[in-house]
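Letters are used for the chains, namely A, B, C, D, E and F, taken in the order the chains are written, and counting of residues starts over at 1 for each.
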């Protein structure tokens, strides 16, 4: 039960993006298509898992003052690994995600989880936490990408969707669309929660 | 392959070493002392930043506690456990020392005013804020002490514990109330007071006008008649400046005053229909010890002779419960009047 | 004639001065007066009478409660029938003495002497004893204004004959009918303060008063009339001084800090009586106006007369038009009454009896950020921002942008197309800012 | 007698008690807004005159979108009383329609109106709260979303049918294209002509055409300068706008164009083309999204003019009024913070102690 | 050369504005834009760190990684440099200029995880900029961030006292505003 | 001091471990990434010059402008020159549009492919969609020497609506490629075999051709 909550809390209750508002940079930049969002989500999940696991393993050895540099280095290692892997095995994804893969390094979620969770909990819990957060992150990204790709290109995962494909609103796949959709999504979540609370 | 690994290891390692060294050097060279006690204190404070202490937030409060010796109890919200922890941390208390159970307080609205046009000066249409309403002809109510009912206390409450009820009177959710005192400060009529959460008999009025004046502007205001004082067996009520005050240290909540109050100003919480209580003696168990007869301050117990079973003169009984408390056989019970 | 002068900001609401040609009528002595011990700014006076005491007209019935305070005098002869809390025109029950008239007691008589020949100290003492306060509405005790610290020399006295409030004409009539009392009062003040210059500021919409005083001042070297642009709040102390002399009172300072004392013309007339006749302040001129008043005009009435009685004596209300709103003072800064049993007090310059159409309340909508309030503000403040900050309880910020400089003149609210209650908000804001200042001063000290 | 008197006896009806001042100028938000609507009428008539029924439909749908958004959001999402009657949604709808081409598909016009109110206004809490001019927000969104529709310009005077309608270039569009084409420019200068006369010759228009708004294409409401100026003068007389912003903006563009282009014609061309006049008279004077003080308006107008000219001369778009106003809208809070009137009693010279 | 440097500068500020066009550095953009004062502090701090980081990482790349063919260590070494740099600067400021630290230094820890800083470093390399160009691009990027932050702070100070619908208050309206701001900044596209 | 050393060492260890991991990853992925890139380029060339079987990197030194251009020559399976593939990067609306143009030995445009661009999504980006490419293909197929200008400017190319600048940039790029082709045309016909010979490029050429052949 407890382990399960470790896993699921990141998906809704503590969703890193919608609730804790962490890691929004890659969220907005890469969510112009579902494919990118999924790719980014998986990449981030991988890094999150690796770093959380590793950090929770060495958490008692790290001197406090250089804690952050050490964490960052660990994260950067995993990021570079995933970056190279994507470039090697999925060049198309690599070119569309561009510098946002290396930028996972500074994604607040990853450092945040390392600092807030992995550095205080055992490896198993940390791994579960990472998976949960990663899934939550991916879901949030996909949510955004769903609206942006559908409205902005009339497609989902690159497949044209009838009706929407006729005259898509291009602004949705540009930067402004990302901001606005994200803002409205958070508002929607809050609105629904408020509605639920009053009922 | 091998050279690559070696050079990678070397470069990164050296970079890491250099930065580690520089940083640790810098951390020694440029160290700025922060009192760890402040941080620990801050962790133990509630962190609600309600401002009830008068400082701008918990961090400032923590600093004030450590550096200026402000008493921890200045925080109105802190749990007693954490208070003790902080005091122990700062060496103000020896670990393990026993403390008296602190009084847990909640806000009490000292007004029971009715919401009828007849007690209004005019219909208020201005800024929906109690303080602002007071600025316009001292507010829309004839009684100068009537709750404005515009909810400045609601707005001030950081814990969402106050709501405006149906009669334009605030209702306090005692579970949520932390007695931070924000509402007390926000009320322009000073009708909110922090009182012991566990007490449930209250004077719901704050009018110090003379009885005749109060009666003209309010049906349920305290007129300072003093009936409650007379009926209280515990000496817990005083009338001061035309207004009854309950001494919560002494009040046992028997409800005698509630039953007696002609204006229905004194109320029993959660029992709007409360009409007072009366003692009931279990005739089978009574041994006629006369103790109840002796303690009754209202001569409401029959039977002064030993061995004679006692009975209650219900007209005289105010329901204070002294007899029930003193009865050695525990054969007196208090029952609500119908 | 001099060119009219003015200040920046402000606006010109409709004049509504229908009673400008109505000569002052002396009303009969009322049957009852309610005399509040607090009819001035400062400490309330201390009542010296109790129920059943007999008092005569002009007798002091409440002594000053401090230096910044003024005595209160019986305005009719009779018996004290009430002492305790009575409804003040401000809506707060507060201590007052009620006198019922004994018709058989004759009115006192006064002997005239030349006040100007008295020493300054004596003049000041007589002013203080007579309970004169600023009759323009601010009700600041006059003797306090006449006692600046020794380091401050007052070179100019300005008499405020502006009467910029719409609908009010009491000062206008007083200037036309009793200019000599006013001029004498001015000279007395100048003597007390040893001032070189005396100016009467009059708005251009009272050309007859300007002409009259010009005529009177023909042979006076150091007295002059300053015509002023017709603009509200031309009669605000700061605006008046700026318009007349170009001197700007720094934020948080007083007129005496720029070497000026301002007095209302009615106060000047009262000073003249107080010094020359030793007659306490017992009556004043009140404008009665509004659609509901049967006989609008200017009436001299005993202070303490209940408003309802005053209206009755002055011709009563029109029977066919229902009364909707009664305002004590002018439409811009006066306050609405809910109860006509409250008395006329020393600062009451007008009573407006309005019907439904006049008392229309503007519909409140959202702020459009049109900037009308900013353009209208005579103090150069930012009412729109101030309102937002007060609404969100940002006391420190609102203090920074000058909350306490607000003079509550009402220009912003008058101009506001959204009908926002700006003045009330600012009153609230000022109160909180002052409390906040006190708090921070306490925590620092 | 000795009591707090209860005046509210049965004989006297309860008196109205409100705070001072007791009189008000009589101006109200809805009166301002409907006046603005009235002021746009001449331009609206010109739009229909130029582009026929099509223009009326675009305007109608845009207004419908705006009104629908206002109504639906207030009713269902915010659950606040509706403020439709204040006319502000209609203003936004018409203004938006005024800066889109006549050939715009009607559903895009509707979406535009909806976006203007939903995103530009109600998201911020409705009238008076928004940062950006809602009409321009919608226009920028439409331009980014459906650039083809937003840049297909009908030749005026063709009636409703758009299937076979003739499209043409706007004067500014042609100016930009020409100016970017180095070869063509070389040719023009070699032939001794200048850019403006080339453009005007090619479109067969004169300055008076530009002023009156006939014979050339452009957004619905911005062709006729005369009609706009009539509306602007009306607003000025009614006191709803001040001259500061419009004058600052047009003067900046005119002077800037004069300096850059070096000729009066060039400057006049910039003044009379595109959305400059409608922007200066109806957009930057929008109370909600412009600074509050006259000083602020001057700066605001200057900024709008300067950015407009920058975009027209150097940017990718032929027209920059919409973007310049949006960008300056973002600066309004900062302008409001610093361009404030002098507070009475704070001048340094009067510190008599 | 100089023309292209100016164009790099202008592009970095207006057209490829880190926040509004590249969607980088959003955490501090949303987090520290509540008040104009702190926005100025943060903006200056970011600009300062960006230039330092741009130069430092370029040097690492040019003098260390490329000669040793270790380009794949880019990410890790860059972030290491930036993190250490930021921490070092923070310590120095805290000790030597406490007043500056109060207004500016407190934002420094936030910058470590500001992706705009790492972003500018990576982009400098990706675009094959030289040292001067990198410095200019970093400076421009920092200034662009600074402007966006200040504009946003001004707007948010106003929003703070507006009647924003409950659900939109805080982050949502900030994002919508950022979106509209980005839309407005699209007007600058094609400027150079 | 000891503290310092300790921290430095700790970072060193972490960095070293990271270094090992990364070096290993790099050694595994680097060839793959390189191959991907080459494959992509090869694919593009093949697409724009379908007749060619393998490609040689060639250079042309323009003595007049003292500049050297590079291009690749496509060789058919028979060893003849099929044409050239020229990479150009005209300045578009928001930056350079990188594209390759395939020209057969007669100077006819065979095809083009956009490699990277920053044009406005939905507008300039249409250059790489059939909306633009199909009419263009048809044009070059039907007309021997089309005027490479947008119709608006009096040319034959159907520009993209509302993206005149991108369309113009495209035309400019193709013209540039043709210009270069005319300059190198003599080289091609003069000594087709020589071109295949240069040792430096032969290696990669054969490599790519084999991978191509495997497909």
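The rule we apply is simple: a residue touches a chain if its C-beta (ideal position, glycine included) is under 8 Å from a C-beta of that chain, and two chains touch if they have at least 3 such contacts.
Remember, it's a predicted structure, so these values are computed and weren't measured experimentally.
Note on connectivity: the fewest steps through touching chains from chain A to chain B is 1. Traced through touching neighbours, the fewest hops from chain E to chain F number 1.
Among the other chains, F has the CA centre that is most remote from the centre of chain C.
Here the two chains linked by the largest count of contacting C-beta pairs are C-D.
Look at where the CA atoms of chain D average out and do the same for chain F: the two points lie 46 Å apart.
One inter-chain figure worth recording: chain B and chain F are separated by 79 Å, centre to centre, where each centre is the mean of the chain's CA atoms. If you average the Cα atoms of chain A and of chain D, the two centres end up 41 Å apart. Averaged C-alpha coordinates give centres for chain B and chain C that are 46 Å from one another. Within chain D, the positions touching two or more other chains are listed as 4, 8, 14-19, 77, 119, 126, 129, 141, 144, 147, 316, 336. Taken residue by residue, chain A touches two or more other chains at 65-66, 69, 73, 76-77, 80, 84, 168, 170-171, 174, 176, 180, 191, whereas all remaining positions touch fewer. Annotation for chain C: residues touching 2 or more other chains are 85, 93, 335-339, 361, 366, 385, 421, 424, 427.
Chain contacts in this assembly follow no simple pattern; the graph is neither a line, a ring, a star nor complete. Pairwise, the chains that make contact are A-B, A-D, A-E, A-F, B-C, B-D, B-E, B-F, C-D, C-E, D-E, D-F, E-F.
Against chain E, in their complex, chain A makes its touches with residues 21-26, 28-29, 68-69, 72-73, 76-77, 79-80, 83-84, 99, 102-103, 105-108, 111, 171, 174-180, 182-184, 186-188, 190-191, 194. Against chain E, the residues of chain D that register as touching in their complex are 77-78, 119-120, 122-126, 129, 131-132, 137, 140-141, 144, 307, 310-311, 314-317, 320, 322-324, 326-327, 329-334, 336-337.
Listed in rising order, the residues of chain B touching chain D in the complex are 118, 120-126, 135-137, 140, 142, 144, 209, 212-213, 216-217. Chain contact summary for the complex, chain A toward chain F: residues 61-63, 65-66, 69-70, 73-74, 76-77, 80-81, 84-85, 87-89, 91, 168, 170, 173-174. Across the interface of their complex, chain D is touched by residues 36, 150-151, 154-155, 157-159, 162-165, 168, 173, 176-177, 180-181, 183-192 of chain E.
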